[in-house]
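Below is one structure; the comments refer to it alone.
Per-chain numbering from 1; labels A, B, C and D assigned in written order.
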Amino acid sequence: MDVALARAWLDAAADALAARTEELTSLDAAIGDSDHGVNMNRGFGAVRTALAGASPAGPGAVFTLAGTTLVSKVGGASGPLYGSAFRALGKALPEGAEVDAAAFGAGLRAGLDALVKLGGAAPGDKTIVDAYAPAVDAYDAALREHGGDGDGGLAAAARAAAGAAAEGMRATVPLQARKGRASYLGERSIGHQDPGATSTWLIFQALADAAAT
Amino acid sequence: MDVALARAWLDAAADALAARTEELTSLDAAIGDSDHGVNMNRGFGAVRTALAGASPAGPGAVFTLAGTTLVSKVGGASGPLYGSAFRALGKALPEGAEVDAAAFGAGLRAGLDALVKLGGAAPGDKTIVDAYAPAVDAYDAALREHGGDGDGGLAAAARAAAGAAAEGMRATVPLQARKGRASYLGERSIGHQDPGATSTWLIFQALADAAAT
Amino acid sequence: MSVGIVLVSHSADLAAGLRDLLRQVAGDTVAVTVAGGSDDGGLGTSYDLIRDAIGEAASGDGVVVLPDLGSSVLTARAVLDEHPDARVRLVDAPFVEGAVAAAVIAATGADLDTVASSAEEAWHARKL
Amino acid sequence: MSVGIVLVSHSADLAAGLRDLLRQVAGDTVAVTVAGGSDDGGLGTSYDLIRDAIGEAASGDGVVVLPDLGSSVLTARAVLDEHPDARVRLVDAPFVEGAVAAAVIAATGADLDTVASSAEEAWHARKL
């Protein structure tokens, strides 16, 4: 993972979130306040702008800047949550222009830990965590199995992560929300796919896409 | 008690509350939000205006109009409380141009009951009730002891009521507030005289003054 | 229709801001009306504004009335004593948290009891 | 000085109206600052507005930060994680009721712990 791949990932994520804005918003309309698409699009749009005007020395600096931007530019819960995750990822990465796939995986887990520390959600609460946690587990498992430093290993691990995120996202449908606005609905939140888990899948899918090319 | 005395009482109360506005407000500044004087002055001023434009047939109608005016014209807790009390007093009085001292006493008690039902305060909670309840008890006791229908009995009973209200008012100083805004202060409300108990005393004193002349 | 919500606050701004929040979570399906401040626009509560707000929010499905503090409670109660209606319920709830919960649940088409208890249960929620 | 109070709300109107109420109960002795709405004035929360409001309210005696809902809590927490300060306390309280209690107690000159717990105890108050 180098600066180019870090930028390519965030760019692909911004594209995907822009393309899916309405889908995310309509998921949020069912169990929230109809702004998740707008929030994510605004946030990643702001990340794109911030990165365009910066010259980060390594991928860590790219993600720290992205996280800081998300925390301050998104007006909803997803802003501080994804923002903290990206900041923690950025800070966890070793300095230098390039980091290996294992260090990047450890960074992804540091991001998850920060998100959980901030939001207090456990797996099964119908949140971002339900897509993010299995994605990180799948990333680590893929790396352990197939090994490999360099971007080959990372690409395969990212593919595994995206697949697990998609599965985790779909598995939120029958869950009852226990965190965030959807939790007000109690049992009535059951039967709907969580918007945040869906944006998490898009972000991991963007990583897989960027790493594959 | 006839229409003239009913009007004279409310007029005397309006005068007293206007003269004591700052005193009541400064009591409320210590344990509330500094508006009790303004609230009471506005309310009884509006009662004066309403009565000037009305021709109530009996004292009952005078008090019902006064109560309705207080409920709708005072922006604080004292409005619905005194307003309900005066409305209940008005409705409890028998029809007719004149009611005797015993019926008026029963009406005062109906007013207290309505105020307690609305506000839920018990004696000792450092509220209006701490002046109003002993005033009604003293009124009844005076009437029982000295007897007498007509305004002679009423005047004596009103004097007793005003004295008991004053005592009840002073007895609020060491109490801890359990209702209304002052209750937020917990133990820190101790040592201050309750504004509402003070306005209650002024109102009973106005009754005694009006009945004496 | 769905259960309507009446916000009774000492401050017109507070009530209006909360109504905006409720619209965001509940959309246009839920009637949310406000009685904020005193008759003359200052801080306080107004019998007339409360009565009117209840009238506006009324629908066949009932209304929950949420007061912010002391005299909002008392004035709302005085209005309801005067105009008793089994479909209009004064609810004991934390103002903002109860109103949001009520709006979310009202938007699902829930009945008066369910909406009222969702607001009351907001006393037991925690934020951190 | 006394403990300052920061109101973090999704709505600028809601926060401003509540500040007016607090001024009425607490007078000018208590610094009450607001972070209401998103950066662009819409509904939401703003990291920058929260950080600035905390800075304005800061006094030697400390600050309690009261958030209204979900993302106010998360954004306020993110600000405090970034700018840790033992004299700035994020408090879990019902928004309006907790803020009024905190303002009343802060005006008496109480310390940070006392002000924070008076706000938290507002979960246990009832209105009717």
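Just so it is clear, contacts are C-beta pairs under 8 Å (C-beta built on N, C-alpha and C of every residue); 3 or more make two chains touch, one makes a residue touch a chain.
Just so we're on the same page, UniProt names per chain: A, B = Dihydroxyacetone kinase subunit L; C, D = phosphoenolpyruvate--glycerone phosphotransferase.
Being a predicted model, the structure only gives us computed values, none of them experimental.
Inter-chain contacts peak for the pair C-D, counting C-beta pairs in contact. Subunit B and subunit C have CA centres that are 31 Å apart.
If each chain is reduced to the centroid of its CA atoms, subunit A and subunit B end up 65 Å from each other.
Per-chain CA centroids place subunit A at a distance of 38 Å from subunit C. Among the residues of subunit D, those in touch with two or more other chains are 10, 24, 43, 69, 77, 100, 128. Taken residue by residue, subunit A touches two or more other chains at 35, 181, whereas all remaining positions touch fewer.
Under the contact rule stated at the top, the pairs of chains that touch are A-C, A-D, B-C, B-D, C-D.
Contact residues of subunit D toward subunit A in the complex are 10, 37-39, 42-48, 69-71, 74-75, 77-78, 81.
Here subunit A touches subunit D in the complex through residues 35, 39, 71-81, 83-84, 118-119, 180-181, going by the rule given at the top. Taken in their complex, subunit D has these residues touching subunit B: 24-25, 27, 100-101, 104-105, 108, 118, 128. Taken together, the subunit D residues at the contact with subunit C in this complex read 9-18, 20-21, 24, 36, 43, 67-69, 73, 77, 90, 92-97, 100, 122-123, 126-128. Those residues of subunit B whose C-beta lies close enough to touch subunit D in the complex are 29, 32-35, 120, 181, 184-186, 188.
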